[in-house]
Each structure stands twice: as C-alpha cells, then as structure tokens.
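Take a look at the structures below.
Paired with chain B in one complex and with chain C in the other, chain A is shared by the two complexes that follow.
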Partner chain A sequence: MFEWLRHLGAWTIDALWKLGFASRFLLAIVLHSGQVLLRPQLLIREMFFAGVLSLIIIMVSGLFVGMVLGLQGYNTLVRFGSADALGTLVALSLLRELGPVLAALLFASRSGSAMTAEIGLMKATEQLDAMAVMAVNPVARVIAPRFWAGVLSLPVLTALFNVMGIFGGYYVGVVLIGLDEGSYWAQMQNAVDLHDDVINGLIKSVFFGIAVTLIAVFEGYDAEPTAAGVSSATTRTVVTSALVILAMDFVLTAFMF
Partner chain B sequence: MADQPFIDIRSVAFAYGERPILKDINLQIPRGKLVAIMGGSGCGKTTLLRLLSGQYRPQQGEVIVGGQRVDRMNSRELFRFRRSMGMLFQFGALFTDLSVFDNVAFPLRENTDLPESVIRDLVMMKLSAVGLRGTQDMKTAELSGGMARRIALARAIALDPALMLYDEPFTGLDPISLGVIAHLIKKLGDALGTTAIMVTHDIHHSLQLADHVYFMAGGKIIASGTPQEVLASSDPWVAQFVQGAADGPVQFAFPAPTSVGEDSGLEARRV
Partner chain C sequence: MKRATIDLWVGIFVAIGLASVSFLSLKVANLTSSNGGATYALYAEFDNIGGLKVKAPVKSSGVVVGRVTGIELNADNYRARVSLALDQKFAFSRDTSAEILTAGLLGEQYIGLTQGGEEDVLKEGDRIALTSSAMVLEQLIGKFMTSMAEKPASGK
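Presenting the complex of A and B:
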C-alpha cells in the first residue's frame, strides 16, 4: 500500500515538474521569438517542412473522411426523408469537430513526431550544444521557428482538410448517389454560420497547433540523448498530443457551442 | 607558469546530482599555450571543458578565463564570452541540415554583420586552412569522419577565437586523419596564438603537441608536467598512463561487490 502511494507521489511530482518545465519552455520560446520576425526565412523553411509537406496526407485524409461522411450521412438521413440535408451534415461535422481534431491528430503524427525526432537527434549529436557554444541560443534558432511554423500551419491545414472533406461529401452525395446539387450547397449555406462554425473551428485548430507543436518541440528538447531516448520521446509526442487534442476538444466545445 | 594565467581554475568541485565528478580542481594555463588533459573515461575531463565554456556551473570554486568569472556570468554575458571561444566536439557536431559552406559560415552569420561576400571569402580561407577547399557544396552526410572533424575545426576557428577547446579530437579517426588533425591543431595554435585545452586519451599526440600535460583520475588532477617531464616521470600514475598498463593506481576493473567465486557459486558468500 505504502509502496503504491510512494509511486503515485513520485509520478505526481515528476508530472508537475515536467509541466512546470514545459511552461517555462513556452515562456522562453515566446521571449526568444524575435529572431523569427527578424529572419522570416527561418520560419518559411520550417513551414515548408511542417506545413507544405503535410499537404498530401491532410488533403487525401480530408477527402476520404468527407466521402465516408457522405455515405454514412446519406444512409441515415434517407431513412427520415432528409437526404437533402447531407451538405449541412457534412459541413457542420467537419467544421465543428472532425476537421480540427483529425487534422491535428494527423499533424501530430506526421510533423510533430518529425520535429521531436529531429530536435532529439540534434541534441544526441551535440548540435544544440555546439550552437550554444557558438553563442547562438538554440531556443531562438531551432525551437522558436519550428514552434511558430506549427502554430501557423495547422489552421491552414485544417481549413484545407475541411474543404477537401466537403468536396468528398459532394462527390459521394451529388455525383455518385445523385442528390440535387443545389440542395447540397444551399442547405449548407443556410445552416453554416461563419462565426459559430467556421471561426470557432479554426480557433480550435489554433489551440491544437499550440499544444501539439509545444509538445513536439519540448519532447525533442527534453529527450534523453540516446537512440532509445529519441525513440521514446517521439512516441510520447504522438500519444500525449492525441490525448491533449481530445481533452482540449471537449473543453473548447463545452465553451464554444 | 606565468603570474597571470589566461585560464585560472580555482578549487572547483562539480557533481551530477549526488554523484561527484570533479573534486578540488586547480589549473592555471598561460595565454597562447596548448594544454592536454588526460585520463580514463568518466574521470571528468569533458565536464571540465563544459565548465570552461559555461555550459555547467561548478558547485564550488572559481572558473576565470581572460580575467572574467565564467561561473558567475548570466546568459547574455555567456553568449558574449563565447564569441571569443571555439570548441571542437568529439564527433564534430556539424549541423546535418546545412551544407559544408553553411556550417562554416554559421558562426559568422549569427555573430557578425559582415556582408555575404566577406563571409564567403572567410569561409573559403578557413576551408583552405583545413585542406578542404572544394567541399563547400557537399552535404555533411557525404563527408568521412576525418573530413567532418576538419570541417568542424574550420567552423570552430571561423571567428579566430582566443580560446579553443578540443574534446577528444582524435577519437575514431584513422591514422592519416588523426595525423592531419594533430598537425592542424598545432598549426592553428601557432598561427592564431590561441590558448587551447585538449581533452584526449591519445598519449602519443598529447606529448607531441602540448606545452603542458595534466593527468586526471577520480575527479582530481593527480599529476602534471611538460611532455619531457612526463616521459621521465617515475610517478606510478603517470607511468600507468604512458605505458597503458591495466595494473596500477588507476583501477581497470570495476570494484564489484562480490568475487568471481561467489558469482559462480564456487565460494560461500560472505555474511
């Protein structure tokens, strides 16, 4: 019993210590973000790796999610004689929930894990130490551009995920099943509110972007400088990001809708 | 040694958590000299370099470089101090996402306002100094171990540092690369008048290059002297290093709590 309590106490202290370290780390990133503004080429380079190279997986996933929504939505709605509302169902599902959450999960798996592995390997091969010894702050030069690249990329990727999803739903509902094209778009236009649905969905993706990228750069920076250490840090990034995204989604949804 | 050393380490002690690494280290190095620090793995040599570069702070004692207390510098002062310092890491620590040119240009671009044309000339000069002009467009993955170490050396001397730190510069190199690196260290020291500290296991090249050699064991400096004094020394610590003997004051075997007989069950365990 005491042993179990001791483990729980140690785990809690460790978790709190890590949370405190991550908070200080975020503060350091914000304080050292000046270089990102002064040298936008650093940010553009990282946005290419985090954002542009994620386009394929995000857009293809968005398309298929929209197509599945189209199929499942039609099968359900047709039972109640509301098949014309398919456009509304697809758009609201994507804009409010599926778009931000799935795009963030895919981003964490593709770009978050890559960021952690790269920073962890830079640490293991003493590249971060070499930078510090050359009077260059690694947080300003390596971490801050990656952090802001992730934060700025995810809302754009989410928007593209949504567009592709809506197109996927249109393809299944209108082109394959034969629903009326005018109804698909008109119902969507009437039901979707710019602020409540589109903006709120993008605000979610900004929060997810901050959380996922912070976890990714922090885990890389905090990784044990060994092959096993980098590997487990990469795993932690994906697992922690997924849990944080889902938990944050619940909290944000409760406040927003 | 001279009255006013460039590097003055006084009564320094350092521990990782509860584990003591350095105990009461005293070291004075005059300006322009190359000093080798030798000792077995884990004796605290690299930790000593990290104390000098301000990456670690000692729990006790003073680290003075060029009259400045490195152990008391805040991060802004440390970054200013490091602009006059170069460090060659054990495996080069080249930036893998940059080309050879960009690696050598890195400290110049980050720490100076020089125009790109001047940076280009300086990079080519440094590459030429290490005998690798023509590799500027190569990626670091295309370099051999010896070439990577020479590029890292070119990067370390890009700002003509007053202090050079070499962390195991000869580890993992073939004899030719090793000889080239050793020659470069000597040549660069003579040309730039840099004060240098070289942490190494390589007794042959240490005695060949260094003005003074320190021996460390168990977190302490156990012997020191000029290469001639080292070679003539009858000190058992020094003799063990020079001869590479397993038996001597530095224990080769880890002090296991049980004997071989006990481990194999042939001997009754002590109570």
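Presenting the complex of A and C:
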C-alpha cells in the first residue's frame, strides 16, 4: 500500500520535474535561436530531413484520407439527396480537423522519432558533451535548428495534406462517382471561409509543430544515454506527441470555432 | 557559402508549401474564374431566385451549358438580376425561357433553359425575357394550406 503511494508520489514529482525542465528548455531554444539566423545552412539541412523527406508519406496519406472522406461522405449524403455538398464536407473536415491533426501525427512518427533518436544517440556517444567542451553550445548548434525546422515544416506539410485530400475527394466524387464538377468546387467555395477555416487550420498546425518538435528534441536531450534509454525516449516521443496533439486539438477547436 | 543540392530540395519544399496555401485560399476558399473555353454573357431577371448561388450550373435539357456568374438586386425594379456565362457553342433563340429548378427535393438549385422557336438568337449582353421563379417550399406549403382550408367552404 505504502509502496504504491510512494510510486505515485515519485511519478508525480518526476512528471513535474520534466515539465519544468521542458519549459526551461523551450526558453533556452528561443534564446539561442540567433545561431540559426547566422547559419541558415543548419536550418536548411534539418528542414530537408524533417520536411522534404516527409513529403511522400504526407501526400499519399492525404490523398487516401480525402478519397475515404469522399466515399463515405457520398454514401451518407446521397441518402438525403445532397450529394452536391460533398466538396464542402471534404474541404471543411480536412481544413479544420483532419489535416492539421493527421499531418501532425504522421510528422511526429516520421520526423519526431528520428529527431529523438538522433539527439539521444549523440548524447549516448558523448557528442553533446564534446561540443560543450569545445565551447559550442549544443542547444544552439544541435537543438535550435531542429526545433525551428520542425515548426516551419509542419504547416507546409499540413497545407499539402489538405490539398491532396481535396483532390482525393474530387477524384472519388467527381471522376469515379460522377458528381457535377462545378457543384463540388462551388459548394466548397461558398462554405469555406479564408480566415475561419484556412488560416485557423494553419494556426493549429503551427501550434502542433511547436508541441511535436519540442517533445521530440526534449525527449532526445533528456534521454538516458544508453541504447535502452534512447529506444524508450523514441517511444515516449511518439506516444506523448499523439496525446498532446489530440488534447491540444480539442482546446484549440474550442477556442477557434 | 556554396549552393548545395539540399538547398534545391528545401526550395522545392517551400515552393510546394506556398503553392498549397495559395491553392487553399484562392481555389478552395474564394472565387477564381478559372473557366476554360469561350463563353458569352446573358442576363435574366427573376422575382425570386430562392437559394440560387453564384457558379451554379445552367442546364438545357439537363446538360450543363454554362454557369451563373453573378447575382444582384436590380435597384430599379427590385428583381433579382442573374448574369449567366454560356458556352459559345450553343446559341439560344430570343424566346428562350429560363426557370430556376432544384436538383432533387432539397438539392442544389440551377437554371434550366428551354430553347424557343424563333430564328433570331440571343447575343452577348442580351436579356432572357421569359423567366419563372424558384419554387419556395414555404410558399408552396402556404398555398396548399389555404387551398385546403377553402375547399370545404366552396364545395357546398
């Protein structure tokens, strides 16, 4: 019984400790971001790994999500004789919720886990310590470029995901099922608002980008410097990111819409 | 600092992002007139357009022959003035009639054109004179109710 209470207490204190360290870490990253501006090559390299290499998975998933939305949406809408509203359904669900959330989940598992593993391994092989010895701040040199690369890449990937999804819905609705092309686009354009839907969706993805990348670099930096430590840190990145994304999505949706 | 292949890839990535955002804001959110093919403009005035929307299809015998390009209230006679862009391939006679129809009971509204018999055809900027308004469900039910109420009295 007391053993159990002790575990709970230790777990709570550890969680609070981590939260505090993560906040201080975020502050340190922001304070050391000057390096990123001085050496844009670092940022570009990280954007290549985080963003460009995620293009394929984002495009393919976006296309299939849009196609499924088109198919399922059509099956339901056609019962009410309003299959013309398919464009609205696909565009609004993608722009408001599915695009930002799914792109962030994919980004967390594709790029976030890679960042954690890379930084954790650098720590395990004492590369971070070596940098500190050479008077190179590892936060400025290693962490900050990755952080900003993630924050900048995710909105781009989200926008691409949305576009691919809308075309996926278009392919199923207009090309395969044979709805009117003009109705698909016209109903979409009437219902979608630039500020309410497009901009708010992208704002969401910026928040998700900050959360996912911070979790990824933090877990890497905080990882136990062993093989098992790096592996469990990578797992934690994906699990925590997924939970944080879904919880944040609820809060942001409640604020925005 | 030298240019590297990696810069090209990141450049492509950023360009894709900008293209996606502009697609979302122009094509998905707002109106762009990306209409292919030559068209000519006509207009028609209706007493009531119901739920007709800009970009709704214009059909003749069920085939799409053009789009609605603008809807406004004519301040002189307080009727709705609907501008149409029709495919150049199709010429309609001067006594063509236009009516606002609904696809299905609750579906999207569109304009149906019925070809007339005159030899002269409508040209750019002409007005379609014969029009009939949209069917408004509430008014229809209202008429039905009043006629139901009147029937017993007139029957005797």
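Everything that follows uses one rule, which is that the second predicted complex is superposed on the first by the 255 of 257 C-alpha atoms of A that agree within 3 Å, B and C clash if a C-alpha of one lies under 4 Å from a C-alpha of the other, contacts with A are read in each partner's own complex, and residues count from 1 in each chain.
Note that a contact is a pair of C-beta atoms (placed from the backbone, for glycine too) under 8 Å apart; a residue touches a chain by one contact, two chains touch by 3 or more.
Since we're looking at a predicted model, the values are computed, not measured.
Undergrad: Would chain B and chain C fit next to each other on chain A once aligned, or clash?
TA: fit
Undergrad: Between chain B (first) and chain C (second), which does A:Ser82 come into contact with in this model arrangement: first, second, both, or neither?
TA: In the superposed model, A:Ser82 contacts chain C only, not chain B.
Undergrad: Looking at A:Gln187 after the superposition, I want to know if it touches chain B, chain C, both of them or none. Which is it: first, second, both, neither?
TA: Second partner only.
Undergrad: Pick one for A:Arg110: touches chain B only (first), chain C only (second), both, or neither.
TA: neither
Undergrad: Taking the C-alpha centre of chain A as the vertex, compute the angle to the C-alpha centres of chain B and chain C, in steps of 10 degrees.
TA: Approximately 160 degrees at the chain A centre.
Undergrad: For A:His32, select first, second, both or neither according to whether it touches chain B, chain C, the two together, or no partner.
TA: neither
Undergrad: For A:Thr125, is the partner it touches chain B (first), chain C (second), both, or none of the two (neither)?
TA: First partner only.
Undergrad: Just chain B (first), just chain C (second), both, or neither: which does A:Met134 touch?
TA: After superposition on chain A, A:Met134 lies in contact with chain B alone.
Undergrad: Can you tell me whether chain B or chain C touches more residues on chain A?
TA: Residues of chain A touched, chain B against chain C: more for C.
Undergrad: For the overlay built on chain A, what is the smallest gap between any CA atom of chain B and any CA atom of chain C, in Å?
TA: Scanning every C-alpha pair, the shortest chain B to chain C distance is 9 Å.
Undergrad: Could you give the residue numbers on chain A that contact chain B in one complex and chain C in the other?
TA: Touching chain B and chain C on chain A: no residues.
Undergrad: Going by the contact rule at the top, pick out the chain C residues touching chain A in the complex.
TA: Residue positions touching the partner: 1, 6-7, 9-10, 12-14, 16-17, 20-21, 23-25, 27-31, 53-57, 64, 67, 103-108.
Undergrad: Enumerate the contact residues on chain B facing chain A in the complex.
TA: 53, 55, 75, 79-80, 82-83, 85, 87, 89-91, 93-96, 106-107, 110-111, 155
Undergrad: List the residues on chain A that touch chain C in their complex, please.
TA: Residues in contact with chain C: 41, 44-45, 47-48, 51-52, 55, 80-84, 91, 95, 153, 155-157, 159-160, 162-163, 166, 180, 182-183, 185-190, 192-194, 197-198, 202.
Undergrad: Where on chain A is chain B touching in the complex?
TA: Those residues of chain A that touch chain B are 121-122, 125-127, 129-137, 141.
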